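In what follows, structures are represented as structure tokens.
There are two complexes below, and they share subunit A, which is joined by subunit B in the first and by subunit C in the second.
Let's turn to the complex of A and B:
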């Protein structure tokens, strides 16, 4: 069938029903259409496994980070609703009754992540506060009529329980013509009384502890609502507040001032606003990175360039965690798709098992890895020969190398965290405030060569005792928290340092006594010559002691200790043999797919066609074949 | 300016503190003096008295010219460089961008400088062309006086003989402005001739890029219309400022004003254009084929990524329709898929949704609104997880689909787990359609597919700029309708037409009111009641001969 016509623009193609049943499994697409298809099935499975783990981990993180916010929100809702509950005759309460309790939720500009937050918020509220949770978006409510209609239809849906579903839905379709606040409040009365009579709702017990649960209305994007709709709704609903207990939640992307900018004083005075601030997206990113990449839990790692690309997209384009995770997913996919040895990118015991089953081709692939070649060149000649000819020996060696790589990572991250504790609070943050910045610098080049590192150490040499102590304490905790035995020695060293610093206190007192003694000595009566001499002596003594205070000696020791840690453990990943198995480094591919520049492509195509035509003839390693 | 200052200080061999303001005054004074001198010299030339110029004035000029030349040289090199290695990776600074024109005077100066080198090559290239032989005497005639000056100067001072041709040009340009103008137009026509000839010969040779550049520059230079004295005054004050901006201006790409209007060749009709185009054999076909094969290797990857929740958007020069069509025939034979031609002028979101509901989901009901329909589709796809649908959209950024609402709806469709979207975009600014929210709905993976193939199908609904717009089709339909009318009705129409033609130059003309028209028709004995007139007008309206507005009636 042709897909061009002068009379229509949509062409539907439906294959025969029988044919359609045979759907191709996704793995097949993974296998086909490329030159290296070694272990592709296994690779795809590994990809899916790791991705699922990462995804659930990020969801868990998200929940954890939102927990605080949600708890305080729930508290606010319960508190503000209790006033309605009591129905007291108090004058203050009467006044308060005219005000709609409102939570202004400042969520930040990463609008795309908000959906997830609101979804989980709705869930939490429904489980804990009230079954009547409605969330509206500005694009659904161009005017008051639609607003009420959406509100009503969602409210009715909320109420629908399993047994009465059909009846309710019939009602909904009937009633769809028009709604008013009056009808809503009568509906509310009827529903609450009905539940009062019945009281069989054991499924959602918490809400039924009140006889009249509040109605929570979430406006997801408060800024994009039209002012008039919002004003009208607030005025009307404040009139009905005594019979229709409404609580508003505004989702605000910019700043809380926007409420007052949008609503005139007469309207905003009807609201009783409390402000809630969600966690900033940068901190969110830091935790995500911390839990996904700076850990040995997931074998997959990003190279410096890739990490730069992803964080740059995050920081300079959208602030969206969702997008960042998408980038991570893509890099994971690309890694497993393009690197045949990525089959070994799994947890250590499994990888060791898989090594035994590697085919000859895969062994050849290992030998071709640049990092492995470098490693081989360093070995003695007999071993070189063995590595290059004997498959068995190669496999054994690979196993030990992979294990080394694993150990390297455990140590690396521990030392990285330790170093971060020391450098994160230095003035001017020479190595960055966030651990991801430090990580990036460490991945980029040998950190001990960088100027920032030198200046950071310089600053460390000037710190006071209590600051150093605090850092050491944190460091100690880091080491304690990890169960690894590898760096147990280091933890002990840190503990020793701590003890030494503490014991300094006592010694300092003694020293003070010393100095006071010498001072009293200096006050003895002498002639001018002797006085001069003794003064000179004292000066010299002081200078010598200045250089040699116990604290300073200790501090120097500590700094050199940290330096030695960095030297020993913070090596570049490129120096490790077989790093290609775990590290994804095709930053260019990633940038092209995520952050494309159609303008530049057009420009190049028009100005310099040879870029496309000639390059393609000379060699096939075009940009899209990564590595 | 800086170099001058330095050289001066070198001579003095004495360092003393000079305030910024002083330096500025100093420079301005000196500059002013020089200009006045020049002005005088020009006056003298204008009266055709040949007088030896003051030596230092020449020096001054020489220096300036040299400086300009350096600048030009840099400019030329830069353009060439950017041509040589305009790879996709090197930043956006060389990419076409919005640019405001430089000062016209400066442009004229620059253009005259630029004109000198390539002109030689042009003339040598087109030696056989008779036009050029006409052109040359024209030039020499125009500048005969100045040539004399040059000759004299040649005898007397060695500055000019050693100076490059640019200097001579520079001396000429400000003096004979009217002449230079004619010269520009002459060169323009000459270039046009060349191009037209190339078109006619249908040679598919790649013209030397250098030559094109040169021509572009000549054409793009606007003609300076200010009198020299005015220019001088302006220069005095704005020179410094200009120099600053010149030094800091980064964009060296000049916009070409070589438009279709400049073609001497008259517009063709559809058939001849088609014939001419069909004669052109495609160049680089082997390379293009290879390029396409590379893209075809990606098909499996695309399928994989589509299944993993991404959607794919293709961008790059050239029609991507064939590529997508090949993708469709190779990969999608066993799946339900919908091909949507975004370039089709009658396409709308409504029709897309309709084809999904009616043909894919076999639903025969109607919907109250597009949003309802969308909700229904979304629910349907969420319920039946085994249902899978591929959407192929050619030109997602077309006129009809680029609206905010359409994009929102398509985005929501594509965000469904079992709807897979693969689309192509062509507009330079297409990504501006999507804000963050929409981008996250689409979840795009971008693929660059520069194919260099023709947009034949995409542009088939539009009129080519090269084709003559005859308007013969509406005219013929008009005559058909008119022929079937009664004499009275024809009279009514004629009245209306006449009124329209009488008022066609009136910018405030809003139309003829019904009452007035009725009156006129009555006076001409064409109708007897307003009902008949209304019936008649309705008939016209049905045939789209006229348009009516409610508020006037």
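Let's turn to the complex of A and C:
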């Protein structure tokens, strides 16, 4: 840069913004750092595709889970509002205190998730109940003035997007006006009267059989509002309730008792509070895991350590589903970034197609995979040579291995679910109550080696018939619901077991008669010595003849059947060749990013500065020495 | 005036005092009148009906609504303007920022023909809010007659006695009028007054009698009683509607309603369940015990570490620092018995309230009460910030259990973690303290754990 000035001095060069805005396309970041990386563009695209699918799936789940809550909320709003209109001439309603209908929405401590919930709630309300939905946050409203100002500006925005944009210029000037409840209610009157006239033409406000739609005010974090503001607002708005039909929604993170703690009786008596509780976030996590990881729909899988890190952050720190999903996204990104072979991490037909186009380098990568090497070592020597030298043969083999991996997963999840049905209701839950706990143990080590598994089987051997039947029924449903044919045999076995258990009933009765006969024979009139002797004899006899009943035999069979299923299908993923393609296992990077320890970071920075500075060691050490 | 006596019950002496104070229309009245009394003792109602029935020019302003000086003054002036101009005229909005302007504009407006030669009344309801505004405001209103040189009277309505108002300078003593609480007889009379048109007055009066018998011990608020009366009346009428009892069959009616009212006292009066839910229950005739009140949901699910941070903060704020070594260390050495529990320590620590503590101490206690090793990660640090916000809340709510000193906050910012506090903010107020706390907490506290939960 230069100046045309002749004199000496300081000149300010403003940074050229246009130059900076040329951004590197995101996929280029995938190239950086790793020179040997292959197919980076394709990998990035695959990542984006999978992430989009996962994201839409989670959104769909969220919607489903919230549906119940929202439906009941909408019902409450509609009911309370129609109450407004209907019996204003009733004797009781004239004398009664006017109460502001209030919904206390208990959402749990995972505050980071609330935003999403409120956003979708607002949308739902706007579509179904009223165009006037306003949500406020405590940090925006330190006092009454700001509170009303925010409320008013948001309300008028609501209105603007209903009407045309003619008012935009007015908007600017309105910002300066000091709002009071009076001005708000006059505004409301004017707007509703105006829309009344226009109503026939409007399509956007659907169920407007009410001539005055209510104003819904959502207080997102009710606990952090100052009590004074809240109290004053409630007092004021209850006085204006006739002209300004307000409905409050309190977002509560802890427990509904805070309403009473924050508001004195004189104020809380102005509210007509009804409680709504959202789903527990732990259940939410279980469904998310169930739909995202315990399925063959998405090829991407997490290794035990990574899953552990993510669930621990959830359970120990924040209970936040959003954070969990962010963590999942990070691991997905990290997987596609660091693993060149992740290009094959897509659905099976596509992966097969891609194998054909693999470069020599990539083939070499495959050969270097530890799991693949282990696989090669087990093969016959000719095949070994072929695998290591012949590219085409390698590709064919990889295709079949990938297919095997796919089959392995389908079976794995089916059997896992089946096992979960059996173990989830055992006393003391040796293998955990949730399927994710079972999944974690299965990933960690061979489940048949674990003590918990042994004790679970032990407990299964002690269950009563109807409990076992119920479990079998559920299990059967699991198999039925899956369309896969691989385990059709198993489903048949389970059905057989069910039938056998049912047929036991009749046989059991016969046996009972048997025992009663032998009992009656034992009791005869004798002297003491003989009695003692006969009793001893009977005892001996019973011990010897303590054969198993049919039920016990069948139960034993069932348990061993389950055991064989677990042995056959619940193998460790590490034993499968090419598992590195699908499994992300770099737990330490994830931990570094998500659950950083400041002290450790400081330590590394002081001990080993080039770790952060990204300068070569020699250069740096020279610098230190010279000082 | 017979009309007034019908609408304003049981306030004869106050009404006559006010009437004599007001005098004739053109007379100058007392410059300022201060009316006080409990909630629902009829202050607002009496003043309003009196001014309306006498058709005196007046402006009624609720100070809660006018949270700034400007709003208050503008509202008074606009309403006054509305009064002075005849109905058809459209008057513009007046803007007024200071009290000086107010006096000037007030003079202008009251020049109008319709307001001349008669006293103008300005009623300021909930006058206690004036104390929070500018200091000159209250004296200004007290001397409004003197300042404007107009025939004006300002009436203050408040629940607080005058002594708590009296400003330091420029004070003009107003005429103080006290509205005493209604007696039970008065309440009976007033409540019976608004009987529904379908039923006779006697029938309703009998009902009110029963209602007061149940509720009078806990609640003397007229508004609330009236609300309860309306809410439970359908249940009372039920036998009559069904034809099981006549209107005179008081005993039977009493049997029917009495247990019902007692239940209402526990749930509706405390707003455990909302009145609409109560009405629904009455219609369905189910047991209200099934419906859980708000306070039934006290359980809060918390993440593992947040729970322990809260416990640690609780311990740090209530235990004296010197006992830490004894409670949280394995080899703490011997303690002389005589020295340890001195007399003044026997007063419960809860009565003294939480004490400030340094952040390091909180951390140390946390590490010792969590079974497994705790890695000091950013996630945990950010929760300290969160727990500090809780502290603030507790301070305001006077249910304090934890308090963190300024030094704690300073230490926080030294760690440079204030950025991460945005990432995680919880509001775990009152978490149910798990049983494990019992083992960690020292004897004086474990005995009084319940106190914290009240």
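Some observations on this one:
As a convention for this text, the second predicted complex is superposed on the first by the 518 of 627 C-alpha atoms of A that agree within 3 Å, B and C clash if a C-alpha of one lies under 4 Å from a C-alpha of the other, contacts with A are read in each partner's own complex, and residues count from 1 in each chain.
The rule is short, and it goes like this: a residue touches a chain if its C-beta (ideal position, glycine included) is under 8 Å from a C-beta of that chain, and two chains touch if they have at least 3 such contacts.
Predicted model, so just to flag it, every value in this text is computed and none were measured.
Judged by the touch definition given at the top, the superposed model places A:599 against both subunit B and subunit C. Of the two partner chains, subunit C is the only one that A:269 touches; subunit B does not reach it.
Contacts of A:224 after superposition on the shared chain: subunit C is touched, whereas subunit B is not.
Contacts of A:318 after superposition on the shared chain: both subunit B and subunit C are touched. Look at A:112: by the touch rule set out above, it reaches both subunit B and subunit C. In the overlay built on the shared chain, the residue A:259 is in contact with subunit C alone; subunit B does not reach it. When the two structures are aligned on the shared chain, A:280 is found in touch with subunit C, with no touch to subunit B. In the superposition on chain A, contact of A:11 is made with subunit B only, not with subunit C. In the superposition on chain A, the residues of subunit A contacted by subunit B and by subunit C overlap at 111-112, 318, 320, 595-599. Note for the complex: subunit A touches subunit B at residues 3-5, 7-15, 19-20, 22-24, 26, 29-30, 32-34, 110-112, 139, 318, 320, 322-323, 326, 329-330, 333, 337, 592-609, 611-614, 616-617, 620, 622-624. Contact residues on subunit B toward subunit A in their complex (touch as defined above): 82-88, 92, 94-96, 284, 287-288, 290-291, 294, 297-301, 303-305, 307-308, 310, 315-318, 325, 328, 332-342, 344, 346-347, 351-352, 354-356, 359-360, 388, 408, 425, 428, 430-431, 436-437, 439-440, 443, 445-448, 450, 452, 457, 460. Within the complex formed with subunit A, the residues of subunit C that make contact are 39, 62, 64-68, 70-71, 75, 194, 196-198, 223-224, 226-227, 230-231, 233, 270-271, 274-277, 294-295, 297-306, 375-381, 383, 389, 393, 396-397, 399, 415-417, 423-430. Remark: subunit A residues 80, 83, 91-92, 95-97, 99, 101-102, 104, 106, 108-109, 111-112, 143-145, 178, 180-182, 221, 223-224, 226-227, 232, 235-236, 239, 253-262, 265-266, 268-269, 271-275, 277, 280-282, 313-320, 595-599 touch subunit C in the complex.
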